[in-house]
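Next come two complexes built around chain A: one with chain B, the other with chain C.
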Partner chain A sequence: MNDTLTAYSGLLRSSTQVALTYRGRIVLWFVSGLFPLLLMAVWLTVSAESGPPAGWTSADFISYYAAAALLWNLSGQHVVWEWDADMRSGDLSVRLLRPIHPFHQYTASDLGHRAVSLMMLLPVLVLAALLVPGINYPLGVFDAVAVLAAVVLAYLVSLVMASTFAIVGFWSTQAANLWMLWWGIGSFASGWVAPLDLMPPWLRNAALVLPFRATIGFPVELMIGHLDIRATLVGFAVGLAWLAVFSGLYVCLWRRGLRRYQAVAG
Partner chain B sequence: MSRRSPYLRILGICWRASISSEMEYRLNFLSSAAVSIFWMVWAAVGVSVYFRFTGQVAGWSYPELLVVIGLFFTVNGLRQAIFEPNLERIGEYVRRGTLDMLLTKPVDAQLLVSFRYLGIGNVMDPLLGLVVTGVGLALSGRGLSVGALPPFALLFAAAIALLYALTLALMALAVVLVGAEELGSVSFAVVELARFPVQLYRNPVQSVLTVLPIAFLTTFPAQALLGRLNPVLLLVAPAVAAGSVALATLTWRRSLRSYSGASA
Partner chain C sequence: MSIEVHGLVKHFRVHQRKPGLRTSLRGLVRREYVEVRAVDDVSFSVAAGEVVGFLGPNGAGKTTTLKCLTGLLHPSEGTVRVLGHTPQRRESSFLRQISLVMGQRNSLFWDLPALDAFEVNRAMYRIGEPAFRAALDELIALLNLEPLLGKQVRVLSLGERMRCELAGALLHIPAVLFLDEPTLGLDVNGQAAVRSFLRDYNARRGATVLLTSHYMGDVTALAKRVLVIDRGTLRFDGNLAVLVEAHSPHRLIRLSLQRPVPVDTWSAYGEVDSVEGAVVTLRVPRAETTAVAGRLLADLPVVDVGIEDLPIEDVIRAVFAGE
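Let's turn to the complex of A and B:
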């Protein structure tokens, strides 16, 4: 365990360097982060034309989407593409030879990239919060701690969920496509397509118990102060439960898949 | 005729080679077709959320918006099939010296660099996009009038020409900057902005997108189909497209003049 932690600090340092070297990829993430801003722009038009939908003012939308853009950049799902590429090329075999589990190798590498994204995004977000009228994150000390915990939980849920799908790559070359379908369907219940308050009631209710909201919607709603203490606790409970479910699934699939992988490679 | 035909023959050979190499991965081809359908439905259902609160956004009803979204997939699919596979290789051409070799070939290098490769992974997107556009037209209650087709064809051709101009300009930039991988994301972002009609964004963004000329990619062709195009655009769009292609070609040639070769 201690060895893994030591390895993490080294891997983190190297992956931060890698992230800083390949700035092009950071630009790409920024561009894909553009998408929620398009959705926001349309909501602003709707809100200006026919009044605040479901009571959401334009200030609410701006606060929501600024936070959602941050969460998108901090999510742990990007590991899917690394797993997929390595399984196709066979580089996974090299990673298996190293003394720490590939899961930690991918996670450490991803954390380095997140750190660089955060370094670039956070100043922009803080500036926007100070300068753009209407952006408002009404947070006390206790709320700030809760938000931080929710962001960490969001990272873990998306990381473990994506890793579980990546493991499907032991059985199928279509693992990454499968993940995209899962993510795409989930995006309606995660708060990515639209804030869940604006979704039809049945979808809103389903989203409360599905795993997706924990990855974006829950921390963002917490940030903009839309959740009371009860809703906050429910959100944490659901997120933690799904984290446990996917961790179990991941471990189970990994053991079976690895045996298969050896069979193929051997 | 005798001057043009060798170009077409070369293109034919290049594209046939591309297609047969991509066809080796048949399962990938099928699954990417399934993924295309999925994202199309995703986009159509996604925007319907806006219409839970209003019948029209900036004068666009839901079926009319579908017309634009269908065209977005058509344009984006063509970008991925024709422009992206070539744009993503230019960095490598410059870094590895392949460009030196291309320049010595007895064919116009611009042709080879621009159209050498064809990606068929997303070949369903343009077709499905047109289907969504057709469904949108039918649902909007206007249907397709034959009179709307020629203006639409003109504006659509202008849209594709503009996209080519953008691609070529980015290639010229890649030659000057020596392999800038993020350039591909510029063309992705530009087309992504055309997902919605520009009127859905309020000013000043709307004016910027009209000038930039994002509006020419999907908004204006959709308006032509819906029969509410400002007639002036029938002259402006081809002029803007031709001007852009000419400008991009000039930029490309200038960039080659500054290019000193990878071996130097």
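Let's turn to the complex of A and C:
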């Protein structure tokens, strides 16, 4: 454990340096990080033309999507692409030869990139929260702690879920595409495209037990004060349960997958 | 023993795909697989501090064996022990004691200077600051890295990058060093620098080195013992000189003469390998070399004479050809 923490310090430093290398890439991250705000614009138009859908006011949408932009940037699902590229090229071999599990190497790399991305986005969102009328996060101390815990849980669920799909690459070259398909469902069931309150009841009910809501919708709903204590506890329970499921799956697939690894390309 | 390998077998199941649209369509519903035995019943051991060259043509099984020894691949059959560890368990204590340098792989960070990658290695291998500084200073001096440390890895030449790769791989002072084509693509100066460094590293640290290379110069410069592998099977394990003697029944006598002599003179001494003016190279049976050389000196106007073995490339070619 101590070894891993020491390694994280070095890996985080280098991944942050890598993330800071290209200015153009940072700008692209920043712009793509604001994508939920486009979805917000759509809903604001709908709200203005047809009245508040399901009781959601313009202020609710603004608060929701500003928080969703933050959560989207904090998602750990980007690790899929790095895993996938390394498995195809054989560069996973380099990581396997190091005395730190590749999971930690990819996670540290992702955290470095998240840090740079947030460094750009967070000031904008904080300014927006202070200056844009209607944005409201009614958080007491207990709520703030709960939100922080939900955000950490969101990162962990998205990270472990994505890593589990990534190591399907030991069996198939289509792991990244499989993830795309999975996240195609997730984009609706997570609350990323639209708040789950606005979804058909069957999807809303399904989303409550699927893993996706824990990655975006749950912490965002908590931030904007839409959840009572019972719904909060259920949200945490579902998120933790999925974290346990994907962690177990990951460990199992990893052990079996390593036996199949062919260390391709030289 | 540093390395012990008994009955190592590694086979892969490979999708067989034939050309043509019809076979592509058939492949959608029915796939054909073949089992490829990349390594077939290979056994050997390497003592601590020994430098061993691993020779074989492309696809012979050299790299697959190295990957089994480093834990990247799980053996299909047989046992492998390196420093008392079973490599495929990938124990941290094992990984901290080995290094695999692959000529065609980049283990540094493409967008960062090599020094940053070295710092990451320091954290991952938990190298203390004094030990890190001492190892780095030594490697900087031996590999002449000072001018390279501040440059992004992606702007380095292949030779410069390989020197940095070697330094990164050795910072934690591995007890066993696996080298897979470490001089691949390097120019003559680059090859010489890497060879000289590896020889020096082995002498200073007493590290066990297992080396594969297509450049015979790497092997002759570094290893006394060679393993020759072909189509997954170990064909020879022993001293390089013994290999040369066993597979090379001839030696070369190189003569510098005061003046050219008639071509038909040479048939009495041996087979002509080459004639360049007054310099003649003869190929003679190994057992008769001394006697023939004596006769040549007595009979002809010889200015200088040299006796040497056939180039190692020719010997290895003979081994693979089954001669």
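Please note the rule applied: the second predicted complex is superposed on the first by the 255 of 266 C-alpha atoms of A that agree within 3 Å, B and C clash if a C-alpha of one lies under 4 Å from a C-alpha of the other, contacts with A are read in each partner's own complex, and residues count from 1 in each chain.
By our rule, a residue touches a chain if its C-beta (ideal position, glycine included) is under 8 Å from a C-beta of that chain, and two chains touch if they have at least 3 such contacts.
All of these numbers come straight from a predicted model, not from anything done at the bench.
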Touched partner set for A:Ser14, first chain B, second chain C, both or neither: second
First (chain B), second (chain C), both or neither touched by A:Leu131: neither
A:Ser93 touches, of chain B and chain C: first, second, both or neither? second
Which superposed partner A:Thr6 touches (first chain B, second chain C, both, neither): second
First, second, both or neither for A:Ile229, with chain B first and chain C second: neither
Touched partner set for A:Ser50, first chain B, second chain C, both or neither: first
First, second, both or neither for A:Leu258, with chain B first and chain C second: second
Set intersection of chain A contacts, chain C complex versus chain B complex: 22
Chain B partner contacts - residues on chain A that touch it in the complex: 22-25, 27-28, 31, 34-35, 38, 41-46, 48-50, 53-54, 173-174, 177, 180-181, 184, 187-188, 193-194, 198-200
Chain C residues within the chain A interface of the complex: 12, 63, 67, 70-74, 88, 90, 92, 95-96, 98-100, 102, 104-107, 109, 111-112, 116-117, 119-126, 180
Chain A to chain C touching residues, read off their complex: 3, 6-11, 13-14, 17-18, 21-22, 90-91, 93-94, 96-100, 258-259, 261-263, 265-266
Contacting residues of chain B [partner chain A, same complex]: 27-28, 31-32, 34-35, 38-39, 42, 45-47, 49-50, 52-54, 57-58, 180-182, 185-186, 188-189, 192-193, 195-196, 200-202, 205
